[in-house]
Amino acid sequence: MTHNILPSVTLLIDCPDQKGLVYQITSFIFHHQGNILSIDQYVDEATQWFFMRVKWDLQHSDIPPAHIAEVFDKEIAQQYQIRFKIFFSEYKPKMAIFVSKAAHCLYDLLSKVYSKDFWVDVPCIISNHEDLRTIADDFGIAFHHLPIDASNKNAQEEITLNLMKQYEVDFIVLARYMQVLSDSFVSHFPNNVINIHHSFLPAFAGAKPYHAAFERGVKIIGATGHYVTADLDEGPIIEQDVIRIEQGDSIKDFIRKGQDMEKAVLSRSVYLHLQHQTLVRNNKTVVFKA
Amino acid sequence: MTHNILPSVTLLIDCPDQKGLVYQITSFIFHHQGNILSIDQYVDEATQWFFMRVKWDLQHSDIPPAHIAEVFDKEIAQQYQIRFKIFFSEYKPKMAIFVSKAAHCLYDLLSKVYSKDFWVDVPCIISNHEDLRTIADDFGIAFHHLPIDASNKNAQEEITLNLMKQYEVDFIVLARYMQVLSDSFVSHFPNNVINIHHSFLPAFAGAKPYHAAFERGVKIIGATGHYVTADLDEGPIIEQDVIRIEQGDSIKDFIRKGQDMEKAVLSRSVYLHLQHQTLVRNNKTVVFKA
Amino acid sequence: MTHNILPSVTLLIDCPDQKGLVYQITSFIFHHQGNILSIDQYVDEATQWFFMRVKWDLQHSDIPPAHIAEVFDKEIAQQYQIRFKIFFSEYKPKMAIFVSKAAHCLYDLLSKVYSKDFWVDVPCIISNHEDLRTIADDFGIAFHHLPIDASNKNAQEEITLNLMKQYEVDFIVLARYMQVLSDSFVSHFPNNVINIHHSFLPAFAGAKPYHAAFERGVKIIGATGHYVTADLDEGPIIEQDVIRIEQGDSIKDFIRKGQDMEKAVLSRSVYLHLQHQTLVRNNKTVVFKA
Amino acid sequence: MTHNILPSVTLLIDCPDQKGLVYQITSFIFHHQGNILSIDQYVDEATQWFFMRVKWDLQHSDIPPAHIAEVFDKEIAQQYQIRFKIFFSEYKPKMAIFVSKAAHCLYDLLSKVYSKDFWVDVPCIISNHEDLRTIADDFGIAFHHLPIDASNKNAQEEITLNLMKQYEVDFIVLARYMQVLSDSFVSHFPNNVINIHHSFLPAFAGAKPYHAAFERGVKIIGATGHYVTADLDEGPIIEQDVIRIEQGDSIKDFIRKGQDMEKAVLSRSVYLHLQHQTLVRNNKTVVFKA
């Protein structure tokens, strides 16, 4: 995800399916001097709902970027009951990472920021343990240790929320953060908190999924990247992957093999989010091609 | 699975883990002039239980095949509290196939019998519908139509059970058979009824798993081959596989893509069973290498 | 692939990338009263080439189906140097299958025709061996035995070509047909002969790929569905898949495990072809979503 | 790979296949008071060659560790022409990592050392570029910058070889090191230099495999971990994996997606090596279960 050389804009759209939608939207772009860089769309047949992602360059645009949303709304969106979000390539989003003790997902995310595979800033890392502070230090990122117990959870979430505001955080990644966020906290970041669950959801929701998988005797284990909602482990799935286990593998082997999968799935989920390739409706994530 | 040129015997063993088990068992084979063709063993650390599969040729055996079980029991098994099963390569097992209307798994199994990939006889096909009779006819296999409704289930199972006895059936394959067998029926074939469930168990147990998967928005669908027990969709898993779905796939696409996976997973499960590579304990299937 | 309830048309397009292409094409459909059922497009950045597949229903079309190509050519294609192909859902294509002795791919294809997963007719099966005649008989398909040796190859291809004309065959599937077709023969069916090669091309092109894979010690084996061109095993790839082998697997195990993969990959390749989801340029196959 | 609580020993064996080998070897262990922790063996049918890995605890061993090799040689190995290697769990091996500019594999390896997933010390990192020095610094590992050009290659290899001796390095990992080591250098570390090649070998050996894969139009890309031999990209394969690419992916996407696969495959290869699960014969790697 190198930063685009030319400034571009990405539009995410959903609305009731109607005849001529692609025509109307591409017509808007064409007549305002945009050149489409990529376009993808789906219709959910069951609900007759239309989803679209379109990205165009702004080089010759006859609308100033700051007014595109307004013009699109007036010329197109209102008429077709379109709900849309708009993202500009110039803006570099801010991602907070929440961790506990396990380092593998954190290292993977940070090494991708370091290698500029992710077009993002990481202003802070939040943790309920001290363990990973040295990693934050190595990468020059602020580390906030906010230990959580039964008595202080609300207070610590309040502090965390203030930190998010202070750092102007756009979205949060739970990189094996072993705490459940309150609904109230999550409600400040709708479809902007990404979690990695170390099972193939909906199998083995809840705690200790590798232990449960071992107990059940499955032949394949999985990991799921999803947006966090009020229902634990029930949020819209962004990405999943699996790995075959071998006869004789212990729970420790499950964990070891699973970690490579967890971090790959989480990184892919974050990448899709950063590319604005995801759109949530009815607790399902539409994943567009880029 | 070509028939072995030399007569051989396969021994499946499980017992509490003890020092010297591999030595004692291989010593037995060596001193009775057996040549080991393959051997595989595991220890479940949690329960300290030992599992082993060993196969040797009988060419120079100083024990007549009919007495091997007895001699092994006396010389080895009793001392180490070993539970074992013994299978001779000379014996060609008899497999009944139960179907409803879907042909894909049936075709796959029969084409493997036809191509001699499976060392097995199929004396009969049982179905609650007439639809697939012509396939049975093409392959020259007896087809029994036993329609099932709320009022006749027990009676039809009784007839089915008698057919199994009459055909001397060793094990049963449910090739997308859309009926639940009674516990009583299953109890006649412990770990000898193989089912294919069209989801990645334990996710989406029960009816219409593809619909449930679509509804949940998973990114990967699966299939599970398992032994049937009294608990529906809870039996010991033999084999699983998954396939990635694509954005835009409808439930019909899930079904279409899933069918190739279902038949592959079912065939692999049957193959492992025919090779005596499976051993069930505590509702889990140990799968040995051959 | 059930037959569409409403008559529809699929257009495959490629041309130099230009501003406004999606707009112009969807405008054409919109203004001729078409309702887009699906649309997919790509730009190859390296060559600045545009590819598109669009499918729309003809219910309210103001152009008679027989004239759509002509009108599209005049109104759109000429102006943008568009190369296009057009397919009507009403037409049921005719597929010839060429086989040798191995039955697995043939069974898989025919069972999919039988189950109406493929919207296609199979007027004939061609083979250089008698072995699979009974399968053709079971499915009521004409079987032509055309044995091939060094002396009669040209003559037999001539006969085959006449059979293709007589049966009005649209495309040919080589379902583990162990003969190399001449360039001359292939030239009559450009991008209309589909082959399954039992390796992950370009690895192990040529004869006995499983033996070569075993010899090299790879940990994963593959299969490749591709269009046949004058260069053996070098044609445009439609679909590929792989399967992990296990330590201890013999060449026989490679073959056994590979067969399930071969037939799945071949069937998926045929399905994509039947859905008009493939477009070949520069020896590469663009695969559209449906 | 936590360090074993009890001291244990791992024996890797290969020899011509003979009757009674498992019996003789397990008899040796049993009669010297060893308790087998894991055992795995294979026979290559084509060459009639026997391979075995056996690991037992030394708690009650009646032979001092330092003498086990000698006693095993005298009592068993000589008689059966057994070639063997012996490894003690007490010994923590030393791994050198060679890098160029890409950080992803290095980060992955070091994060696994940091998390104690790998039982290994990393005394030094060698690079022909300065880029990754800060990472070495963060992990407190000596970093040696040895730039290489046409004129100084031999001299720099000589220096490198001396560093390997000075650090008492047991094996070397090429973590996307973009230089070809001379045969002379490699000959000092037979089956002890592990490389990651970013293709599914033997496909796309040599430089720029992602570009070659893109050009050929494959649908799946891969990575291969292998031991380095005198023949570039032809060494014994330890581990491979693949990832499906999507229509529309550019070479940059291939590289991005491939990197997660590369580091996972390299880490798994290193893990297998550290566990002494690999044994090379005839340019193929036997991979034992642990």
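First chain written, first letter: the chains are A, B, C and D, and each begins at residue 1.
The rule we apply is simple: a contact is a pair of C-beta atoms (placed from the backbone, for glycine too) under 8 Å apart; a residue touches a chain by one contact, two chains touch by 3 or more.
Computed from a predicted model, the values in this text were never measured in an experiment.
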State the chain with the largest centre-to-centre distance from subunit A, centres being mean CA positions.
B
More contacting C-beta pairs: B-C or C-D? The answer is C-D
Between subunit B and subunit C, tell me the centre distance in angstrom, where each centre is the average of that chain's C-alpha atoms.
36
Euclidean distance of C-alpha centroids - subunit C vs subunit D, Å:
42
Touching two or more other chains - residues of subunit B
38, 247-248, 289
Subunit A residues within the subunit D interface of the complex:
1-2, 38, 102-104, 107-108, 111-112, 114-115, 117, 138, 246-248, 252-253, 256, 259-260, 264, 267-268, 271, 289-290
Interface with subunit C, subunit D side, in the complex: residues 42, 45, 200-204, 216-220, 222, 236-237, 239-242, 247-248, 250, 283-289
So in the complex, which bits of subunit D are touching subunit B?
19-20, 22-23, 26-27, 29-30, 35-36, 38-41, 43, 244
